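Heads up, the next two complexes both have subunit A, just with different partners, subunit B and then subunit C.
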Partner chain A sequence: MPNYTLTARTPLDGFSHDFNGVSVTEVNGRSIVSIATSLGGGEALSKALAKTYKLKIPEPGKSTVSSLDNAVLLGMAQDQTFLVFDDHTEDKPVDVVSKHLKDTAYFTDQSDSYVMLRVSGENSRSVLERICPIDLHPSVFPEGSVSRTIMEHLGTVIVHEKANTFLLMSARSSAKSFLEAVEVSALNIG
Partner chain B sequence: MIINHPLLGPRDAAEFVYKGDASLINRPNWQADDAAELFHEYLYLRDNPAGQHRELWYHEQGDRSWLIVTRNTLTHEISNVEFARDVALAERPKK
Partner chain C sequence: MSQINRIEGGLINRSKKLSFTFNGQSLEGYEGDTLASALLANGHRMVGRSFKYHRPRGIFSAGSEEPNALVQLRTGAYQEPNTRATVTELFHGLEATSQNHRGSLKYDFMAVNDLFSSFLSAGFYYKTFMWPKAFWEKFYEPVIRAAAGLGRLSGQDDPDIYDKGFLHCDVLVVGAGAAGLSAALSAGRAGARVILMDEDFCMGGRLNVETLSVNDQSGSEWATQALAELSAMDNVRLMTRTTAYGAYDHGIVGALERVTDHLISSENKPRQILWRVYTKRTILCAGATERPIAFGNNDRPGVMLAGAVRAYVNRWGALPGKRVAVFTNNDDGWRTATDLAAKGVEITAVIDSRDGQPPVDVPKGAAIVMGGRIVDTKGRHGIRSITLSNGQQIPVDCLAVSGGWSPNVQLTCHQRGRPTWRDDIAAFVPGGELPQGMSVAGAASGNLSLSSVLLNGHDIGNSVVSDLGFTPSKVKASSSEEETTGISAFWHVRESKARAWLDLQNDVTVKDVKLSHQEGFRSVEHLKRYTTLGMATDQGKTANIPALAVMAECTGKSLPETGTTIFRPPYTPVAIGALAGRARGKDFRPSRLSPSHSWAKEQGAIFVEAGMWYRAQWFPRSGETHWRQSVDREVTQTRASVGVCDVTTLGKIDVQGRDAAQFLNKVYANAFAKLPVGKVRYGIMLREDGIMMDDGTSARFAENHFVMTTTTANAVSVFRHMEFCRQCLWPEMDVHLISSTEQYAQFAVAGPNARKLLQKVVDSDHDISNEAFPFMGCGEITVCGGVPTRLFRISFSGELAYEIAVPTRYGDSLVRTLIAAGEEFDVTPYGTEALGVMRIEKGHAAGNELNGQTTARDLGMGRMVSKKKDSIGNTLSEREGLNLENGLSLVGFRPVNRSEELKAGFHFISKGNTANMANDEGWMSSVAFSPNLGHSIGLGFIKRGSERLGEIVIATDPLRGGEMDVEIVSAHFIDPEGERLRA
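Showing the complex of A and B:
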C-alpha cells in the first residue's frame, strides 16, 4: 500500500465573495441523488417518499422541502427528480436514499458531478438575467421553482430557493468557467 | 426562435437540438420481406415541404424530452408542440 493519503477538494475551494448587492457562495456538504421512476412505478415511490421524507413528488419545474436531512426534492423532468440533502459522512448518498426508499425507483449518485453556487442579495436577479435565458421574475418563476437551462452555453439547474436567493448547479468539470460567467455578470452590474 | 414546451413553457431554441423529420419515430419492421427497401426509404428519401412540417426536437439543455414540433418552413411559425412520447403511445397499434 502506498504511504500517502489524498485530501478531497471542493470544485471551487470554498469560493465566497460579496459583490455590489449580491453574494456568490459555493455550496458544499450536500449530496445529490437522481431518482428515476420506473414505468408505472410512480405510486410506490410516492408512498415511500410520503412515509419517510414526508414529501410529495413535485411536478417538473417545482420543488418540495423535507425536514429529514434538510432534503429538497427537485422536479427535473417527467419521471425524474433530484434529491439534494445534507451529506452523511459514513454512508454513500445512494445507500442513504435506498435505506429510506428501498427499491421503489432507480437511484444514481450525482453529488460530485455538480458545482453548486448560491447567488443571493437584492441584485441577484439583475446578475442572473444577463446570463440566464429564462424569465426569473417571481410572477413566472416563484419561490420553489426549478429549471434546467443554459448559462454561457453551460448546462445549469436553477432553483429559486427564497426571495432574492437562487441556487445554481452546473457541471463540476467546468466549474471555474461557470464561476467566471457569474462573477463577470456580478461585476458588470457595477 | 422560441419553442413553447408543453410542460415548461416558452424556451429559447438554443436549448434544443433539431433531430429531423417526425416520421423517423416510425421505424420500419426489420423482419419484413422488403426490409432493405423500407429502410432505404426510411433513411434516405425525405420530403422537403415548403410549409407545414412535423419535426423532432430534443430538449438537450432542459428536461431531455423529445418533442414533435409542427413548424411552417416558410415562416418559421410554430403551430403545435407535443411530446413525442405521447404521439408514439397514441399511434401504437392496439393489441
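Showing the complex of A and C:
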C-alpha cells in the first residue's frame, strides 16, 4: 500500500456567507450521477426508478424528489437526468446508482464536475436577476423547476428548490469566477 | 441671491433645502428640483455655450430632449460631461460647471467664432483650411477639434461601478404619464405582471406639469393616486429614473436605471443598471416632444419651448422669466400664456402664426398678434426683446415657443419601422411594422389631448392583457375635460434675415440646411451627415422635424416624402460604463483554473491564458533569469528522469451506448470499432469537407464505454459536433455523450522514471508494468489507498508516459503527492512550453498544424483515413485538390547554421528562386529550441516535403524580415522508432 493519502478539496473550501437578505452557501456532500436513458430503454428505467427511489422520470425542466439518500432527480434534457443524492463514503457514486438501477441506463459520475451554490433568502431573486437571464418568478419557474442557462458567461444549472431558495450548479474549474458573480450581485442589490 | 425666481406652488418639497454650486457659486434649491429648475429659480438663464459658434445658451426644454443646457457634473474622476441639467435631479452638494468655453461662461474667448460664422457653415472643413496641405493634420484639425466639442472627460478611470440585469414581465409600460399610468392600471388590474418605467424621478409625466384635471382632481393628484394603486399590486413593478433606450429583437427592450445619480455618493452600490427586459408585450407611452419654430436669433438664453416654460412654473415653481411672450402655431402654446397669467406672470404678447381668432381667452394685458411672425431677437447673454415682422419690438425676458408636438416614435422605429405622417397634427406617428409585441398609446401614438390619452392608454392596456389571456377589469377609463389641440404647420420664419437655428446642439441653421441641399445632398441621411443635424446627446429630438421641413421645402417635396433619418438606439445617452456593466478588467470574462492551480501558484509558475483556462507555462527556479532556462531544464529533466504536467484542460468526453463503438467509427476517420477493451487509440477527426478538425485519443473502458480526449481548444466544438451527429445525423444509434472534462484532474507523468514514480502511488493490487500495462493501454485502478483512478498509457512527449486521472477533488492533493513521491527521481513539474518543445521534438501535430487548412494527408496521416468504412469527411477528403502530387506535407526543419533561430511563420522558397508569392512552397508552423539537440527545430508544411528530406531551402520572413537556409528533415527529431514510449 502506498505511503501517501489523497485529501479531497471542495471547489470553494466550504464558502458560506450571509448578505443583505440572502445567504450564499457552497453545497457539499452530494453526489451527482448523470443518467442517460438508452434508446428504447425508458420503460425499464422508469420501473427501476419507481421501484427503488420511488421516483418518476421528470420531464426536462422539472425535478422529482426521493426519500432514498435524499435524492433529487433533475430533468436535464431529453433522455438525460441528473440524480443528486447524499454521498456514500464507501461506494463510488456510479456504483451506488448501479446497485439500485442495475444496467437500465448509462451512468456517469459528475460529482466533481460542478460547484454547487445555494442562494436563499427573501432577496434571492433580486440577486439572481442581475446574472440569470431566465424568468425565476414562481408563476413561470415554480418550485421543483430546473433549467440550464448562462450566468456571466458560465453555463449554469438552476434548480428552484423551495420558496426563495435556488440551487446553482456551474463548472468546477470556474467556481471562483462563478462565486464572484453571485457575490457581486448580492453586494450590489439594495 | 436666493431663488429670486421661485414662486408658489409646484411639486417640490420646500421643507428640504438643497445646496449646490454652479460654476463655483453656491446656490439653493429644493428636493424635487432638477438642476435646470433650480438654476432658473436662482435667476440663471445662461448655462452654457454652443458647440460651434460658442453662442450663449440657456435652458431650452424641461426634459431629456434638452439640446442646450449641458453641464459637467461632479469633479475629479467622477466628473461627467454633457449631462442635461433638465433631467439632473438636484441633490445636496451637487457641483455643476458649464462647459465649452475658454475664460468665464459670460466672457468666452472662443465666442470670436461667432464673428467668423460665415466661414464656419455646414461642411466648412471640407472646403476650407485646404492650404497649405501639410497644415491640416498638424494645425487646422487640432485647433478646430479643440475649439469645438462639448464637455471634457476626466481622463481617469471611472471609479463608479455599474451592473446589468434581466427583467421579465407580461407587459412593459414605457412612460408613466397619463397614458402609461392608464395602461399600467388596466394591465395590473387584470393580473398581468407589469413593469412600469419612467425616465423621471417623479412619475406622472405631463400630468405633473399641466393644470388640466383628471376625474375632477389635479393631474398630479390623480397620478399619485394611480401610483398608490399600482404600488399596492404585487404584480406591478414601478421603476423610476429608468429609461427604455432601445427596442431590440424578439420584443426585448433595453433600459437604463440611474440608481444613484441623484445621490452625492453611490456608497459602493452600482451607479446605473442596464436592464434587458424580456416582455411579452410593450406599451410605449413615451409621450411627445415639443418642437421649436426657427426664426432669427432664436437661440438666445430665455428662448424656450412653451411647454417647458409652463412646466417650470407649474411643477417646480420656478419662473423662467418675468415678462414672457409666446410664439406658437397651435392651441397648446396658448396654455403657457394662460397658465402663467394665472400665476400672475406678465404675458407681454402672444404671437400666433395662424390667422383667425385666438383659440382661448386672451391673457389680460397681452398683445395678441394673429398671423404674426417673430423675425429677430435681441439680448447678448439673454433675450431682451423680440422683433416682429412688422418691425414692432416687444421687450421680453423669456420667449415661449411652440411649433407643435412630435410623438416620441423612436422606439417604434428601432426595428426599421418608419413613421407615417399625419397632417391633422402636423407630425409623424408610429407606422408600419412595430417591434415585436409593441403597442403605442397616448401622445406617442398621436393622441394629443389629455382625454384621448387617458382613454387610449386604458383601452390599449385592456386590449393587450386580453390578447395575453387575462380578463380585463371592468373599471372605466379616467376622464378629463376636452382641450383644443388645433395646429397649422409652421416651421420657420422666412422673413428672418438673421441666422435661424434648427439644431441648437450642433449649431445647424436654416441656412445650413439650404446650403446642404444646394450642394447636392438630397437624402435626409446625407443632410444629417453633412450638417451634423440630429447628432450628439439629444439626437435632434427638437431639431429633426423642423429641419426636415426646411429640407422638404428646398426639394419641393412633402414632409412625408422627405421622410426621417433612421432611428437607432439609444433613445437617450447611455454611459459606456453602463454598457460594460461589471465586465471590467479581469472581470471581463471568467477564469478556469486547473486543479493544480493553487499548487502551481505556490511554485511561482508563470501562467498563460488558453481560452478561459490558466495553464502553467513554466516553473522558474531560483537562479533562472530567462524563461528558456526554465523550459530547457524542464525538458531535459523530464527526458532524463520524470516530469509531471497538468493536462486537465484537454477535453474529455464520456461516450456510452450500445452503438458507442460504431459512433466513434463514424466520427473518427480511422477505425475504432474493433478497439479492444483496455486499449487507447489515437484518432483523427475530419470536418465534413475533408479538412482536419481535431485529434485526440479514445480509451475503451468497457464494451459500451469510451472516454475521448480532445485538444483543449476544441473541447467544446468537438462535443457540439458529436452532439449534432448523435441527435441529427444518426438518431437511430444508442449513444450518449457527456463531458467529463471537469470531473477529472489529469496529469501527464512522463520520462524514463514515470513508471517508478507511479508505482509509489498506485495501490499494490494494480500492476502497471510494461507487460501488464503496455503502451496504449488503459484501465481503472486505485491510488493512495483506494482513490478511484483512470490510468492511460499514452505519450505526447515521446517518453515512457502515463496520464493519470483522479476525481477533481483530489487533483490538488495528487500533484503534491506526485512531486513528493518523485523527489528521489528529481521529478520536475513542466508547463505548456516544455510540453510544446517535447511534442515538436517528437513531431506531434498540434493546433498550429491543425489550423483548419490542412488535411490528414498533409499531416502524413493520409493512410489513417480508412477506406474500409464511411466516416465524416472521408468522401470529401478524396477531392482532387486535396490530393495533389505536389501537395503539402508535414516535415521537420533545422537551420543549416545551427546557431540560427527558426521562426514560426517562415515561408519556404526553393534555392535559387526569388522570394515571392508565386514561389511560396509552404510555411513553418511550429518552432522550438531543442535542449536535447542543442539547436532550433521546427515543424512545417512544404510541397512534397516527405520526398525532399535533406534538401536545403530558403526560409524567409518578409513580414518581420530575415532569411536563412534550412534543411528539410524528418519531423521526428527524437526517438523516431518510438522505443522510449514503449519502454
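Assorted remarks:
In this text, the second predicted complex is superposed on the first by the 185 of 190 C-alpha atoms of A that agree within 3 Å, B and C clash if a C-alpha of one lies under 4 Å from a C-alpha of the other, contacts with A are read in each partner's own complex, and residues count from 1 in each chain.
By our rule, contacts are C-beta pairs under 8 Å (C-beta built on N, C-alpha and C of every residue); 3 or more make two chains touch, one makes a residue touch a chain.
It should be emphasised that the depicted structure is a prediction, and the values quoted were computed from it without experimental measurement.
In the superposition on chain A, A:Pro133 makes contact with both subunit B and subunit C.
Residue by residue along subunit A, subunit B and subunit C are tallied for touches, and C comes out ahead.
When both complexes are overlaid on chain A, the residue A:Lys92 reaches subunit C alone and has no touch with subunit B. Shared-chain residue A:Phe178: touches subunit C; no touch with subunit B. Judged by the touch definition given at the top, the superposed model places A:Pro2 against subunit C, while subunit B stays out of reach. Once chain A of one complex is fitted onto chain A of the other, the partner contacts of A:Gly61 are limited to subunit B, with no touch recorded for subunit C. By the touch criterion defined above, A:Ser147 reaches subunit B but does not reach subunit C. 80, 133-134, 140 are the residues of subunit A that lie in the contact sets of both subunit B and subunit C, per the superposition on chain A.
Per the touch definition, subunit B reaches subunit A in the complex via residues 7-9, 11-12, 14-15, 61-65, 83, 85. Here subunit A touches subunit B in the complex through residues 60-61, 76-78, 80, 133-134, 140, 147-150, 155, going by the rule given at the top.
Those residues of subunit A that touch subunit C in the complex are listed here as 1-10, 34, 36, 38-40, 79-80, 92, 106, 108-114, 129-135, 137, 139-140, 152-154, 171-174, 176-178, 180-181, 184-185, 187-188. Interface residues of subunit C, counted against subunit A in their complex, comprise 161, 163-168, 193, 268-270, 273, 276, 278, 582, 587, 589-594, 612-613, 648, 654, 656-658, 704-705, 732-734, 736, 738-744, 760-764, 783-785, 787-788, 806-814, 817, 820-821.
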